[in-house]
Amino acid sequence: MTPILHDDRYFGPDVRQIEVARELYRAAKDLPLVCPHGHVDPRLFADPDYSFGTPVDLLLIPDHYIFRMLYSQGVPLEDLGIPRADGAPVETDHRKIWQTFAERFYLFRGTPTGMWLEQELAEVFGVQQRLDGESAQAIYDRIAAALETPQMHPRRLYEHFNIEVLCTTDAATDTLAHHRAIRASGWSGDIRPTFRPDAVVNLDTPGWREEIDRLSEVSGIAITGYPAFIDALEQRRSFFKSLGAVATDHAALTPYTAPLSGREASAIFERALRGEASPDDARAFTGHMLIELARMSTEDGLVMQLHVGSWRNHNPLIYARFGRDKGADIPIATEFTRNLRPLLDAYGNDPHLTLILFTLDETTYSRELAPLAGHYPALRLGPPWWFHDSWNGMQRFFDQVMETAGIYNTVGFNDDTRAFPSIPARHDVWRRASANWLAGLVVRHVIDLADAHEMMGELAYGLAKRSYRL
Amino acid sequence: MTPILHDDRYFGPDVRQIEVARELYRAAKDLPLVCPHGHVDPRLFADPDYSFGTPVDLLLIPDHYIFRMLYSQGVPLEDLGIPRADGAPVETDHRKIWQTFAERFYLFRGTPTGMWLEQELAEVFGVQQRLDGESAQAIYDRIAAALETPQMHPRRLYEHFNIEVLCTTDAATDTLAHHRAIRASGWSGDIRPTFRPDAVVNLDTPGWREEIDRLSEVSGIAITGYPAFIDALEQRRSFFKSLGAVATDHAALTPYTAPLSGREASAIFERALRGEASPDDARAFTGHMLIELARMSTEDGLVMQLHVGSWRNHNPLIYARFGRDKGADIPIATEFTRNLRPLLDAYGNDPHLTLILFTLDETTYSRELAPLAGHYPALRLGPPWWFHDSWNGMQRFFDQVMETAGIYNTVGFNDDTRAFPSIPARHDVWRRASANWLAGLVVRHVIDLADAHEMMGELAYGLAKRSYRL
Amino acid sequence: MTPILHDDRYFGPDVRQIEVARELYRAAKDLPLVCPHGHVDPRLFADPDYSFGTPVDLLLIPDHYIFRMLYSQGVPLEDLGIPRADGAPVETDHRKIWQTFAERFYLFRGTPTGMWLEQELAEVFGVQQRLDGESAQAIYDRIAAALETPQMHPRRLYEHFNIEVLCTTDAATDTLAHHRAIRASGWSGDIRPTFRPDAVVNLDTPGWREEIDRLSEVSGIAITGYPAFIDALEQRRSFFKSLGAVATDHAALTPYTAPLSGREASAIFERALRGEASPDDARAFTGHMLIELARMSTEDGLVMQLHVGSWRNHNPLIYARFGRDKGADIPIATEFTRNLRPLLDAYGNDPHLTLILFTLDETTYSRELAPLAGHYPALRLGPPWWFHDSWNGMQRFFDQVMETAGIYNTVGFNDDTRAFPSIPARHDVWRRASANWLAGLVVRHVIDLADAHEMMGELAYGLAKRSYRL
């Protein structure tokens, strides 16, 4: 019986390239994992009694990569146990849900979701069979049994995974209670918050007004107008920094930026407080705030991350029935050259700013992002994101970005996941892809082996650590 | 003397990949051809005395892939025997036209047109020489002689090609006389019509008013307004179904969709009947009708195909002189995420709809189409279309679509051709490309060989058959 | 000690492909260099005592590919000796500048800039070490010593490089004094001017009014209105032709074209003379003039080149401090299908026009440019430009263009450089990329070896020579 995971998986296909890739990979595979951006819940590490629940609770219900594919092939989300917003009943028999999934696991052939899951099952849970309808219940048993053991506590896994640092993503209004609890616990893991103020910055966020009230409350600053809003944001950033934050994160539909005068910004903000802001107001305010947040970063040194180009909640039926983050976010074409110019005009030459850009529109790699990052000192490029965090997505990133930007204007890997036990598998794909890409350069005599080793260390570890000032 | 067609052609270049590709290809190469979308004239099979004419009548005059390239290099279309709209004389010496073509066949080096033609000449006509100025007349002789033989009747070729089913594309107003004749003939071939109502749905089609009259006539429904128009369309769909149709096909410049109220739709339709519809009316009406046609598909089960992004008749001189489909259709950038949303909002979650999307803008593969198809149950992705129906086009499709959508949200191959004898060569390129892509996954240990065999069968045969409900 | 440049560099990785690539490359590597488009200063060849200055004067200060990357990593341009517009002091110690550069040469790993420079150092200056902080001064010494020798005069290098013809790029108002001097000198090198009238055609060029006065002066035609402007342009084209020009060159932000009536064109031109032209006027005038310049090309036979899609001077700080061409030009998305239609409508079918298109938006390769060039007799596609003049950029060009356009609608290579001693290295990358691409087709049996040899000769030499009517 052959093991599921081949030692040389993903490498090649050329045999000389495989040999070099193997050497580069071996030198880097045991480097600690630096996880500067992701969505793991800090409660995992704060709660000494945290339990992942059933295999379905752990692996399926929170993972929209998996259930979107099943849904696309006609499986109702209710059958997968995804909770309904209206509290209507959904399938609760987790063995049955697992069976439904396992019988359709062939849908994931050749996909990164399939590759991650196979590796996670094998390496975290010791599963040595292919997942299908026949093996489903035995594999369920094995995972369920493993989840009962103390080694499966998130803190133990963090250590076992050789994670050096892990940054979560937290609302501007978060009290960071879990982060404080982790610090107070004496555990040695390095878990840091990231400041994500989208819900108060984007005026069209559902529930914006309540979020502003919450911001007043947690900051102790009564947000009665724009200046107080800015004060409150700066106060929160400072609080996040005090708990270890090194970065902020911002999502927007487009990277549109344009400064408003103080008077204009105040007028829009006051309309929003009165519940009278228009969609144009929201767009203008976000475009202004991105510049303002860059300004704050030049002052407090928090690295600024910008994730753009996702049309959230494209399917109203799914949104109404199940809420957000249910696999129905679809990318749109994105324009950086014109849109980012006002922000770059203000702070692009500032040595105190690091602005890391993420795109879902790969056409911008060679056309806009690599030329921008290859010029502006403040800019760096994030790794392939979301749908493009995949073997081929990485090849396209390497081939389309690196010739113009060089690797030193990129920031290594982000796992960007809420699925904590999948983190090693995700880093492993990146490290293998990096090794294979570098090996291709070595066998074609573009770089020599010594350079390749240095670059490998950078891609696997060094760039992430330095870019995020960790 | 080496044969023109190498057994391992297109595979590789890695030798281990070639071995696996060869194995996968061998297992699938003799599967029947499922041809769910194309433009073969049904008269070929209806007329027991059908003749292809001369080699130039068969291979050159109807093939805009070939004469566009010759035209781009300065050969007037008149010299190639392409008939002029004004009836002005064109070259009629087919041996001379063939010579002109053969002397320039080097222009097709490395192109799919060249690859298809070489294979067709070799496998259908037994030609074993390279086509050039020297071999031109001998090859002409050989083809002309073959065309005299009974084996070259389209029905015999259909059987010889091992075609299981072939769908034509037919105007909504077509009486389907040829299809009825085929059915009446007792011949066992499975030729089916496809309902393509563009000429009555797109108000700006030249001759739209006459087409509406024809629709009244063939449906027996007097189209005096929008409700009667809808009735007539539904009547025709039902008639097409009765003759075996499984699908509809729709072309539009963009995938813009937006519902109109019944009142708005009626008002536009009535303006159009009076010859007063504006370009905005036409756009709005097409955008509305795509949703309405999706609604019909949910009711009658016809699979809906949407081909968008071709700017037809880009060259007014060629259009005025020779008419449409003369190699002067040029793609434009296309946007699906926003444009399709109203249609998907209405029917994207409906298990009764299958909507197959085709694009000429490859940037939408990874950015929009794969994420959409990887979520909406109603969506499937058609294979690389037109300019992208090529070896590299297929690689890009596999690499940019499959990681996000999986192969099971795609529909296998369409030959989409009016050149009937080129059908086996076109399927062969797809099957070789599929085998080679899967082989690449096998040697990189992404999938195992058993999975690859299953996927090969799906890509070559199963997906087309099931997706089109054949 | 291994030599820095491997004989088989860039080939592969497949070993059979390497063997064929090597054979094709060997057959073409000594063909003369045809350089139909570039920015070498003609003074190099006019001045018998021309000196390149220091290694930094030669290799660093004029090369925005190099200093943009250093700037992106935080090195002030002042530290690299880039002259400031305000005359403020900058670093003048060239050994120190060289050291700064050498210590950061690792930033160029895997970039075309790094590949060109390594080859130039090795082959032109005999450097056999890697450039880094340690080797910096020794390499500086070696280059500086070489620059003292008579073999390093540009005329000797031109001969040594085996250049057959080199076209410069010259303003419409240039007196071509250097070109006349070269012709008068009796030297056998073939240096030709290219007519680039952007500064008088694009009304929004800084200093446009002064350029018009200069045009009046050099043409001897008082430009008091639009008709005189057209006369002056035609007179200058004729003058350029008399000194060997075979082509014109035009840059625009977009390929927008639309004809104006004579009255409209005159009105805009007169507003511009009065300093009253609006941005819309400028856009309309350029869109009109591109068609008018195409008309001139049909009459005088000058090949027309169009370079579009670069947002010039994106960084206002750098522009204000150091001027143009400082690595801060960023591409934008580009649309050809609609924009070029009016020009193609007028002259796209004209056998007297050759219009060569260059893009910075690679998404247009397969979607727009290859289909356009595969139809219109007047169109040809220029090679990968600027950021895409790189190993991977060439692969993308070959894979995305050639299947639809064929190689015969492309024009071979342009080095497009002002860095004269880098010319052989740039052509060498193209020739190696061509050989490797063709070898890939040979080992996959798409073309045979004889065809590959012919295509290699075309890509390396023939297409450039014929397309530019040299």
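So that you can tell them apart, the chains are marked A, B and C in the order they are listed, and the count of residues begins at 1 in each.
The rule we apply is simple: a residue touches a chain if its C-beta (ideal position, glycine included) is under 8 Å from a C-beta of that chain, and two chains touch if they have at least 3 such contacts.
Treat the numbers as computed from the prediction; the structure is a model and nothing was measured.
Trainee: Using the definition of touching given at the top, classify the network of chains in this structure as line, ring, star, complete or other.
Mentor: Graph shape, chains as nodes and touching pairs as edges: complete.
Trainee: At the chain B/chain C interface, shared numbers over all numbers used: above half (same) or below half (different)?
Mentor: Mostly different residues form this interface, as fewer than half of the numbers used are common to both chains.
Trainee: Determine the centre-to-centre distance between chain B and chain C, using the mean Cα coordinates as centres, and give it in whole Å.
Mentor: Here chain B and chain C have centroids separated by 40 Å.
Trainee: Can you list every residue of chain B that touches 2 or more other chains, as numbers and ranges?
Mentor: Within chain B, the residues that touch at least two other chains are 14, 363.
Trainee: Within the complex, which stretch of chain A touches chain C?
Mentor: That would be residues 14, 16-17, 335, 337-338, 341, 344-345, 348-349, 351, 363, 366-368, 370-377, 379, 399-400, 402-409, 440-441, 443-447, 451, 454-455 of chain A.
Trainee: Name, in rising order, each residue of chain B that touches chain C in their complex.
Mentor: 5-6, 8-15, 68-69, 71-74, 106-112, 115, 311, 314-318, 327-333, 360-363, 387-388, 390-393, 395-396
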